[in-house]
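Below: a set of structures, written as C-alpha cells.
Each of the two complexes below includes subunit A, the first together with subunit B, the second together with subunit C.
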Partner chain A sequence: MNARTISLAIAFLLLATVPVWIPGIYYVNVASQVLIYAVFALGLNILAGYGGLVSLGHAGLFGISCYATGYLLQAGFGHSFAIIAALVAGVAATAVFAVLSLRSSGIGFIMITLALGQILWGLAYRWISLTGGDNGINIKTRPQPFGYSLADANHFYYATLIVFLIAIVMVTIFARSPLGAALMGTRDQPRRMNALGYHVLAIRFWACLFSGLLTAGSGILFVYYTQFISPQTLSLTSSAEVLLMVISGGAGTLLGPVVGAALVVIVKTVVSGFIERWNFLLGAIFVAIVILMPEGLVPGSARLWRLATRRRGQKTPPVKETAP
Partner chain B sequence: MSFYLVLTVNSITFGGLLFLLSAGFSLIFGLMRIPNLTHGSLFMIGAYVGATLVIGLVGYKFNFWLAALLATLVVAFVGALTERLLLRRLPGNEMAQVLVTLGLSFMAADFCLMVWGGDPLSVPTPAGLGGFARLGVMVFPLYRLAIIAIAVVIAVALWLLLDRTRIGAMIRAGVDDPDMARVVGIRVSQLFTLVFALGAGLAGFAGIIGGPILSVYPGLDQDMLPLALVVVILGGSGSLLGSFVGSLIVGFIYNFGQALLPELAYFVLFLPMLLVLLMRPQGLFGRHVP
Partner chain C sequence: MSALTITGLRKSFGGLNVTRDVNLNVEPGERRLIIGPNGAGKTTLFNLITGDLSPDAGTINLLGRDITAVPSRRRAHLGMARTYQIITLFGRNSILHNVCLALLGLSPLRWNPFIDMKRQGHIVEDARAALQQVGLERIADRPLSQTSYGERRRVEIAMALAQKPKVLLLDEPFAGLSIDERRDVHKCLMGIPRDVTMVMIEHNMDVALEFAERITLLHFGEVIVEGTRSDVVNDPRTREVYLGH
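The block that comes next holds the complex of A and B.
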C-alpha cells in the first residue's frame, strides 16, 4: 500500500512537471495527445474491459462530440455552451448506440457497433452541407477558462491533465462502486447475475452512458487540440486504434488504457519521425503483445513482476528450513 | 433503361466478387468464431501478387489465369500459416483475436505499400475477354459476365463440397456444434486450418479476379473488409446461401446507392445490416446468433 502511494505520487509529479523536463514544445503536444487518447481509451475500457462489450464504433461517438463542438462554435455560440452541448450530444448518441447494440453481446456487439460507427462516418463524409465533407470544420479559438488562455501548448497540456485526472478518479470510483462490480459480474456470468436479480441490460446501459461521457469529453479535448475535425477522425481505423490501445495495455485495468494510449501515440508521432515503416512496427508490436502477453502490457508486466519476486521469495524459505 | 441495365450487370458482378470474398469469411466466422479482420488484407495481397505476375514485374508476363491460381495458392498458404502460428493460440479470446488480426492487417498494408508503392496498379483484362457481348441493342462487357460465371461455378462447387462430401459434412458439423463434433471423432482443429486456407485462398482469388475492374491500390483492404462484414451479417455466419444472397444484396445496394444517392451511399449500405441485426440477429440464413 505504501509503495503504491509513493509510485502514484511520483507519477503525479512527473505528469505535473512535463513542460519542465520534456525537451521542447513538440513533446509537450505529444504528451497532450497521449492524455487525450488516454481519456478516450479509459472511456472505451469501461465497456470493453469492465463490461466485456467490445465496441468497434467508438470513433463515431468521439466524432459526434467533435462535430457538435465545431458546428456550434461555427454557428456563433460560446465555448461553455458548445462544450456542455457537445457532452450532452455525445451521451445522447451513446444512448441510441446502446439501445441498438445491447441487444447482443460478444461478436454480435462488435459487428453492430462497427456498423453504427460506419454509418456515422458515412454521414460525416458525405453529408457535406452539415459537416463540410473532407474539408472538415475549423475552429478558430480555444476557450479561456477563468481568463487563462489555452492557446499556449503548456497551458493546454495542463487543461488536458486536469480532465485526465478527473477521468482517472471517476473510473476508479466507478470500478469500486456497486455498479462497477455488477458490470464486471455481467461480463463474467451474465446468466447468474440475471438469476441473482440484477437487471443485466440496465447495468450495461448505464455503463454505456458513462463510457459515452468520457468519450465525449476526450472528443472535445481533441477538437480543441487540433482545432480541426474531419471524417478521418470517425473512420474504422480510428475506432480500431483506440480499441487496440485498450487491449494492448490491458483491458479491464485502470492503467492499461493509459499505457496503451501512450504506446500508440508515441509510435504514431515520435517513432514515425525516425522509422518510415512505423505502421508495420505498430502491427508487429500488437502481434508480439498477443503472443507474449495476451492479457495486455499492464497485467502481463505485473504477472512477470510477481513471477520474478516469487522466485526470489522461494529461494529464501529453504534456507530458513535448513537453518535451525 | 440501359442505364439501369448496366447498373444491374455491375451490381451482379460486384456481388459475385463479394461472394468470393465473403464465403470464406463467413465460414471462418461460423466455424471458428473468429472475426478475421485480415480478410480485406488477404484480398489485397491476392490482388497485388496476381497483378505483379500478370503485369510482368518479375520479368516474365504470366497468363492471367495461371497468375490467379498462383496468387490463390500464395494467399491460401499465408492464411494457413496465420491460423497455425497465431490464431490457434487464442481460442475463444475475442479481444486477442481482434488485436492480432488488426495488427496483421496493419503490417500487411504497410508491407504492400513498401513493396508496390502508393500508385495504383491497373490489371489488364485477360486475353479473349476484353470485348463485348451484344444482346439486341444492349452491350455487355465480356469480362464482367465472366466474373459472374466464375462466381456461380465456385458457388456450386462450394455447395457440392459442403453438402455432398465427407469433409463438407465434417465442416457443417463443426459449425453447428464444435464440441459434439469433437466427441464423435472429427478433428475440428485440422478443419480449422483447412477452412482458413480455403477462405484465404478464395479472398486472394477474388482480389486478382477483381483486379481488372477495381484496379489494385493501397487502401483496397479497408474498402473491402466492411463490405465483407456487411455481407456476413446480412446473410448469417457460416451459411453459404446466406453469403450468396447477402453478396447480391450488397452488390445492388452499393452500386445503386453510389449512382442514385451519392450523399447517403454509405448510410444506405449499412442501414439494412442494422435492420437485419435488430430484426433477425442471426442473419437471413444463419442458424445461430454470433
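The block that comes next holds the complex of A and C.
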C-alpha cells in the first residue's frame, strides 16, 4: 500500500466516524455543512479550475435547485420526485446559463454569469407568488431513505457524506477521462485545441452541465439541511464565497475545493462564535494564502512539503566511505 | 488532384490588405517553402488555410474538397495539421500527454467522461510511436516544463504527425533553435514520409532551401515569385525584397 492509499483510507475513516469523535450535534451539523459546500465547490471547480471559466453566478444555479425542491415539496410532491426534478431543473438552468455565457471567456464570462446570477436573485426576491419573496419557503420534513429518518443529525451527515463521496468519485473519474483532459486543454490552449480537432464550445458546454449537476446536488442537500430557502442563498456574496473556497483551496485540484470549503465554513460557523471580527480573520487568511500560496492551500502545501523534504535531503551529511 | 489549392484568397484588417489574391497549388507529397520578409502575410496565410481566420474572398481546397467554410476544428479531421511559430503546447503536462491530446482530438473517445485516459493503450502506444519519429520517445514522460526549446519544437511536430495528416503546415519550425537543435528538427522533418504534403514557412534559408522543392515568395500579401529552388533564388525580385544581395 502506498502513502496515497493510506492517506485516503485514513481520510475516509475519519469522515465515516465524524459523529463518533466529534462532540455534539452542533459540530456534526457543521461537518454536514462542510460537505455540502464541498460538493458545491467541486461543482464550481469543474468550470473555474479545470475549465478556466470563472463563474460568479453559481449561487443562482444552487438556488434554483433549492427553490425547485422547496416549491415541489410545498406543492405536495414526494421527496423522490422533488429531488429528481430539482436536479433536472438545476442542470436545465445551467444549460441556459451556458448557452448565454459561453460565447465569451475570461472577464466576459465572469460578467455574464454575474448578471445571470443577479437576475435569478432578483426573481427570487420579486416573484413572490413562486418563491415567497423575502419570507422564502420552508420545508417541513426531510426524506426517509430505507426507513432512516434524515431528521436525525447523524443520519443526515451520513447521507451528505454519501453524496460527497459520489461527487468526489465522479470528479476523479472525469478529471482523468479524455473529456476532462480536453476541458483542461481548452483552459490552457483553446486555439490549439481547436486546431487539434476539438469542439471547444461543446466541451465547455458539457463541463457546464456536469458543474450544474453537482451544484444542483449540493443545493438539494442545502435546502434539506436548513429546511428553508430564501433569496439570500442566491446572492452575489454566496457566489463569491464558493469561488473563494475553490481558489483558496486550489483551483483545478480534486481536494482543493474540499479544503477551501472546510476553511470557510469552519471560520464562518465555528470561529465566528469565538471571534467577533471573524470576517476580518477570514479576509486575513485569504490574503495570507494569496501571498504565501497563490496556487491555493492544497497545491501550495504540497510545494512547501516538497521543498522542505528536498532541503532536509540536502542537509543530510554524506555517508563516509570506510576502507574495506 | 492537388493536396492544397488556394484561389484568389484575400484578407484585410481594416484598411490593411494582408493577403491579396493569393493563388497556390501544392501537389501531393510536395515540400513547399513559403518565404517573405516580415509582415509579408505568411502566418496570416497559414491562419486562413487552417481556418483560424476567415477569408474575405477566395477559396481553399484540401484534397479536392472546398474547405473555405469548414470550421477550423473540422479541417484537422479532414487531414490538415499545423505547428505554430510561437510554440503552443500544454505546459502543465508531460510530453506524452501533449501527444495523447493530439491523438484524442481526432478520436470519438475525446467525448468520453468515464474512461481513464492513461489506460487507453492504443492511444498511448500511438503517442509513443509519434514521439519516436521525432526522437523523443525516451523522455516521453518528462513534464513539458523540464524540456528545452528544441525539444518543444519537436513535440509540436510529433503532435502534428500523430494526427497522421495529409497536409502538414509548419510555421517557422527552426525559429529560435541552436545549431544542434536545428539539426535534430531538420532530421525529423526529413524523415517524414512522402505521403505527407508539407508547406513550411521559414526564414533560415540554409535549412529551408535544403528542404524545399518549390518556393513561393510573398511580399505585402502577394505572391510575387513562385517556382523551383533555383528559379526563385535566382530571380532578381527575390534578391530585391528578401535575400537583399
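One rule holds for everything that comes next: the second predicted complex is superposed on the first by the 313 of 324 C-alpha atoms of A that agree within 3 Å, B and C clash if a C-alpha of one lies under 4 Å from a C-alpha of the other, contacts with A are read in each partner's own complex, and residues count from 1 in each chain.
FYI, contacts are C-beta pairs under 8 Å (C-beta built on N, C-alpha and C of every residue); 3 or more make two chains touch, one makes a residue touch a chain.
Values in this document were obtained by computation on a predicted structure and should not be read as measured data.
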item: First (subunit B), second (subunit C), both or neither touched by A:Thr309; value: neither
item: Which superposed partner A:Ser7 touches (first subunit B, second subunit C, both, neither); value: neither
item: Contacts of A:Leu243 with subunit B and subunit C, given as first, second, both or neither; value: first
item: First, second, both or neither for A:Asn135, with subunit B first and subunit C second; value: neither
item: Contact residues common to both interfaces of subunit A (with subunit B and with subunit C); value: none
item: Subunit C residues touching subunit A - in the complex, by the definition given at the top; value: 50, 52, 72-74, 76-77, 81-82, 84, 88-92, 97, 100-102, 104-107, 109-118, 120, 159, 163
item: Of all residues in subunit A, those that touch subunit C in their complex; value: 173-174, 176-182, 184-185, 188-189, 191-200, 206, 210
item: Of all residues in subunit B, those that touch subunit A in their complex; value: 29, 33, 35, 37, 86, 89-90, 93-96, 98-100, 102-111, 113-114, 222, 225-226, 229-230, 233, 262-267, 269-271, 273-274, 277-278, 281, 289-290
item: Complex contacts: residues of subunit A adjacent to subunit B; value: 48, 54, 56, 100, 103-104, 106-108, 110-112, 114-116, 118-119, 121-123, 125-128, 236-237, 240, 243-244, 247-248, 251, 277, 279-280, 282-287, 289-291, 294
